[in-house]
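Going in written order, the chains are labelled A, B and C, and every chain counts its residues from 1.
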Amino acid sequence: MNTSVSVKDLSLAFGTVSVLQDMNLDIGDGEFLVLLGPSGCGKSTLLNCIAGLIDVSSGQIFINGRNVTWEEPKDRGIGMVFQSYALYPQMTVEKNLSFGLRVAGMPKPQIAERVTRASEILQIGALLQRKPAALSGGQRQRVAIGRALVRDAEVFLFDEPLSNLDAKLRSELRVEIKRLHQKLGNTMIYVTHDQIEAMTLADRIAVMKGGVIQQLDAPQQIYNRPVNRFVAGFLGSPGMNFLEGQVEAGGDAPDFVARNVRIPLKGYGFGIKGAYTGPATLGIRPEHIGVNTGSGWPFSAAVEVEVVEPMGSDTLVWARLGGQNITMLVSSERSPRVGEMVTIGFDPMRASLFDGANGDRL
Amino acid sequence: MSTAPTGRPNRLFRNLNAKVASIPMILTAVVIFVGGTAWTVVYSFTNSRLLPRLNFVGLEQYERLWAAPRWQIAVENLLIYGILSLIFSLVIGFVLAALLDQKIRFENTFRSILLYPFALSFIVTGLVWQWILNPDFGVQNVVRSLGWESFVFDPLYNPSLVIYGILIAGLWQGTGLIMCLMLAGLRGIDEDIWKAARVDGIPMWKTYLFIVIPMMRPVFVTTLVILASGIVRVYDLVVAQTSGGPGISSEVPAKYVYDYMFLAQNLGQGFAASSMMLLTVIVIVVPWAYLEFGGRRRA
Amino acid sequence: MHDRVALSAIPAARIEAGPQGPKPRHAFSRRNIFIYGTLIVVSLYYLLPLYVMVVTSLKGMPEIRLGNIFAPPMEITFEPWAKAWATACTGLNCDGLSRGFWNSVRITVPSVIISIVIASVNGYALANWRFKGADVFFTILIVGAFIPYQVMIYPIVIVLREIGLYGSLSGLVIVHSIFGMPILTLLFRNYFASMPEELFKAARVDGAGFWGIYFRIMLPMSLPIFVVAIILQITGIWNDFLFGVIYTRPESYPMTVQLNNIVNSMQGVKEYNVNMAATILTGLVPLFVYFVSGKLFVRGIAAGAVKG
C-alpha cells in the first residue's frame, strides 16, 4: 500500500504552548483514518495542519509523495468538510459547489460535468438551485461534502462533520460517508470525538491526547488491546471497569490482588517487559464478564447486585468487587434483581493490566 | 404573602411594582414621543408665529418652506453631505475594519486612535476643523509657506465647497464608530468560512467581495440606518464649524428648524420644516424596519 | 531563517530534504507594508487634529500669527489655558469656561443617575415582570428613538413652561432623562433578559419580591452593564449642544454651548490659542472616560449606536 499522507516529526506550538509534539503518521492510499480524542487533544489542529490552514512549527507534511509543507491549501490536492458546514450562505448550492472551480478558471463545461457528477453521487440534484438556508442539516452536510468532491481531491479531510446533527441523522450520514468511501476509494482523514463514529468508519484509529498520538491501530485492536489506561477508558460504552490493586507473585503466574480478591493472571499476555509486580490497574470490559454462566471461568466470585440499569436489549448490572464498583453487561432477559447474589467470572486473557504509575499496558 | 387568600387581587394591581416602574417609560412614549410628534405635525398646518395658535392655513407653511432658497440650500446640502457621508463612512469603515481584522499587532492601539474622535462632541470637532481649515493659518497657509504660493484650500470660505469641509470633519468624527460596527460584524463570521474559502483557493479580496460582504448584509443595513438617522439630525457640527456660512451656503434642515422656532419667531415654519425631517426619517426607517422585523416571519 | 537551513543539513530520522517547519514569512512583505502603512497613515491623520489643538493652545498669539499650525511651540505658555478656564468672555460674563464646566457637571451627574435608575428598573420590569401592554409602550419608545429631536423640542418647551422648569437645570435634566430612555431601557432589558431565567424563578420561589430580586440578585450581577450605561450617558450628555442651548438660560449654559459662544463670538480679536485651549478643556472629560474605559466604551457605543 502506498502512503498517501505522511506527517513527519511535526510539532506545533503557539508561543510557549505546545499543541502537537513530534507527530509521525503515515496514512495509506485509500485508507480511512480517524483521529479520535477528547476536545483540546489537538486532533482538529493536526487536521488543519495537514490542510495547510495552520503553519507548523517544525516538521514536514507529504501528500501523495509531494512535500506540501509550504503549499497553500488549494494546491495540496485536498477537499475539506467542516463541522459548521461553512457553506457560502448567499450562494445557491450549485454556486457553492462551483465557486472554487470558477475562481480557478476552469472551463464551464468541465465545471458543469463535475457538479453533475458530485450531485449524482450525493443525491442533491434537486437542491442545486436552493440556498443553504433552505436546506436541512443533513442536506447542508451533503453539500459540504459535495464541495470537497468537485475539487477532485486525492485526500478528503473531515473536521467533526456530524457533530452538529441529531443522533438519528448522524447515524444515517455515517453510513453514507462509509458508502462514499467505498465508492470513491479516496484517502480520508476524519476527526471526531465520538468513539462510535470512529469504530464504525475507520480502517485505523489514531487516539490522541495532549497533542500526542497514544495508539494508532485497527479499531478492534484498539478496543481489545488498548496501550494505556486513557485509551482503554476513552473507547467503549459502557466504559471499561478499572480495579485498582497490586500484582503479586503467585503460583505458576502472578496474581492481581485487590483487597480481599485474588485474580490469577494465568494466560494474560504480558508485554515485552515480562511479568511485573507492584501497583497496577486491571481493566475488564463489562461485556467480557459472565454473570451466572457456569463455573468454567479461570476467575469467578460471588457478588451482590446493587443497581440494575436496563438499556433495552442489554442491562447493566452494578456490583462491588474488592471494595470497588464493577459493571457487567447481561442480556435483558437474564437480568438479575437488586440484592440478588450472583456469580461473576471472566478470563484474564481478555483483561488489560496497566502500570499503576504511568498507566501503560503491562 | 401579606393579604389573606380571599380570591384573586384586582387585575390592575397585579404586578403593580412593574407597572409603577414603567410609568416614566409610558409617559415618555405617549406624551413626548407620540403626543409631541402629533402636536408638532398638527401645528405645522397653522400660521403660528411667536406663539402656537390653532389657526389652520392648510399647506401654506409647506409651500412657503419649499419656496424658501434657504430651505432649498439646506436640503441640497443635506443630500450631498448625506450621500457622500454614507458612501465614505461605509467604505472607509469597512476597509479599516478589514485591515484591523488581519491578526495584526497593536490592534488595540490602532482601534483606540481611530475611535477617539467619536468620544468628542460635534462642537469640539467643528471648532478643531474650523481651525485646521482656516486659510490664513491652517493647511493652506502651511502649504503656501512651503513655496507653493498659489495653493488654494479654503473650503469653509467657499460657498460651493463649504459642505465638503463639513464632510471632512464629520467623517473624522464618525468613521471610527462605523469601523467598530464593521469589525464586530467581521468577527461574527464563522472562522470555517475563511478556511473553506482558502481550501477552495479563493483569493482574499474575492472572499471579501463575494462571500463576506454578502454575509454581512444585516450589519450594513443596520449601519446604514444608524448613519442615515444621524445625518438627518446634523446640527451642532455646522453651528460650530461655519454657523451656516458663508452666507447661508452651509445651512442644514435641523438648523433651519432651530432658527425659525427660537430666533425668527416663526413657529409655523419651524414646525413644517421639522415635520419634513420626520418624513425623511420615516422614509428611511420604515422600509428597514419592514425588512428587519417583517422579514423574519418569512424564514 | 538561517538556522533553519543549517538544521536541514542534518536531517532528523524521518525528515527529508525540502521545505520543513513554518513557511518563511518576511516582516516586510508587501502585504504587511500595505496593512501597516495604511493604518499608520490613517492613524496619523486621525491624531492630527488632537495634535494641532494641543500645540496651538500652548503657543502665544505672536507665534501663531507668524508660524505654522503644525509646528511645535517654540515657547510653551499655559496662559491660554488659564484664560480659557477663568477669564474668557461670553457676552457679559467674563469668568471663562469654568462656569460652563460646573454647569455641565451639575447637568451631567443628576441626568446620568436619574436616567440610569429609571431605565434599569424599567428594563428589569420589562424583562422579568411583563404585564399586558408593556410591549406596546416599549415599541413606541424604541421607534421614538429614531424621530428627529427637532419634532419634539417645542412641545417639550411648552410642557416645561407649564411645570415651571423651562430654562432651569432641572428642566434640562428631565430632557436628558427622557431622550436617554430608549437606548438605556433597551440595553438593560436585553441584559436582564439574557440572564438565566432559573435564577429569577428560584428567587421567586424563595419568596423575594420585585424590589428584593432587583436589589439583591439583578443589581450585583449587572455591574458591567451599569458601567457601559454610565459611559454612554456621560459622553452623550456632556457632548450635548442642542438641548443645552434650547432648555437653559445663558448663565446656566453647559460647557459645549459656552465653548461655541466663546470661539464663534464676533466681537474682539480672535485668540486662537485660547480657543483651542477651551476646545481641549471641553473635550477632556469624554476623552478621559474614553481612554479609561477602553473596551467597555466600544461595547457602549455599539449599543448606543442604535440611538443614532
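As a working rule, contacts are C-beta pairs under 8 Å (C-beta built on N, C-alpha and C of every residue); 3 or more make two chains touch, one makes a residue touch a chain.
Just so it is clear, the model here is predicted, and its values are computed rather than measured.
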Of A-C and B-C, pair with higher C-beta contact tally: B-C
Chain separated most widely from chain B, comparing mean CA positions: A
Geometric centre distance via CA averages, chain B-chain A, whole Å: 55
Chain B and chain C: spacing of chain centres that average the CA atoms, whole Å: 16
Mean-CA-position distance for chain C and chain A (Å): 53
For chain A, residues that touch 2 or more chains besides their own: none
Chain B-touching residues of chain C, taken from the complex the two chains share: 35-36, 38-39, 42-43, 45-50, 52-53, 56, 64-65, 68-70, 118, 121-122, 124-126, 129-131, 134, 137-138, 140-141, 143-144, 146-156, 158-159, 177-178, 181, 185, 209-211, 235, 238-242, 246, 256, 259-260, 263-264, 272, 275-276, 279, 282-283, 286-287, 289-291, 294, 297-298, 301-302, 305-306, 308
Of chain A, residues touching chain B in the complex: 48, 51-53, 72-75, 78-80, 82-91, 99-100, 103-104, 133, 147, 151, 159
Chain A residues touching chain C - in the complex, by the definition given at the top: 8-9, 24, 55-60, 62, 67, 69-70
Complex interface listing, chain B residues touching chain A: 190, 192-193, 195-203, 206, 210-211, 214-215, 217, 299
List of chain B residues in touch with chain C within their complex: 14-15, 17-19, 21-22, 24-26, 28-37, 39-41, 43, 52, 96, 99-100, 102, 104, 108, 110-125, 127-132, 137-138, 141-142, 145, 172, 176-177, 180-181, 184, 225-226, 229-230, 232-233, 235-236, 239-240, 243, 253-254, 257-258, 261-262, 267, 270-271, 273-275, 277-278, 281, 285, 289
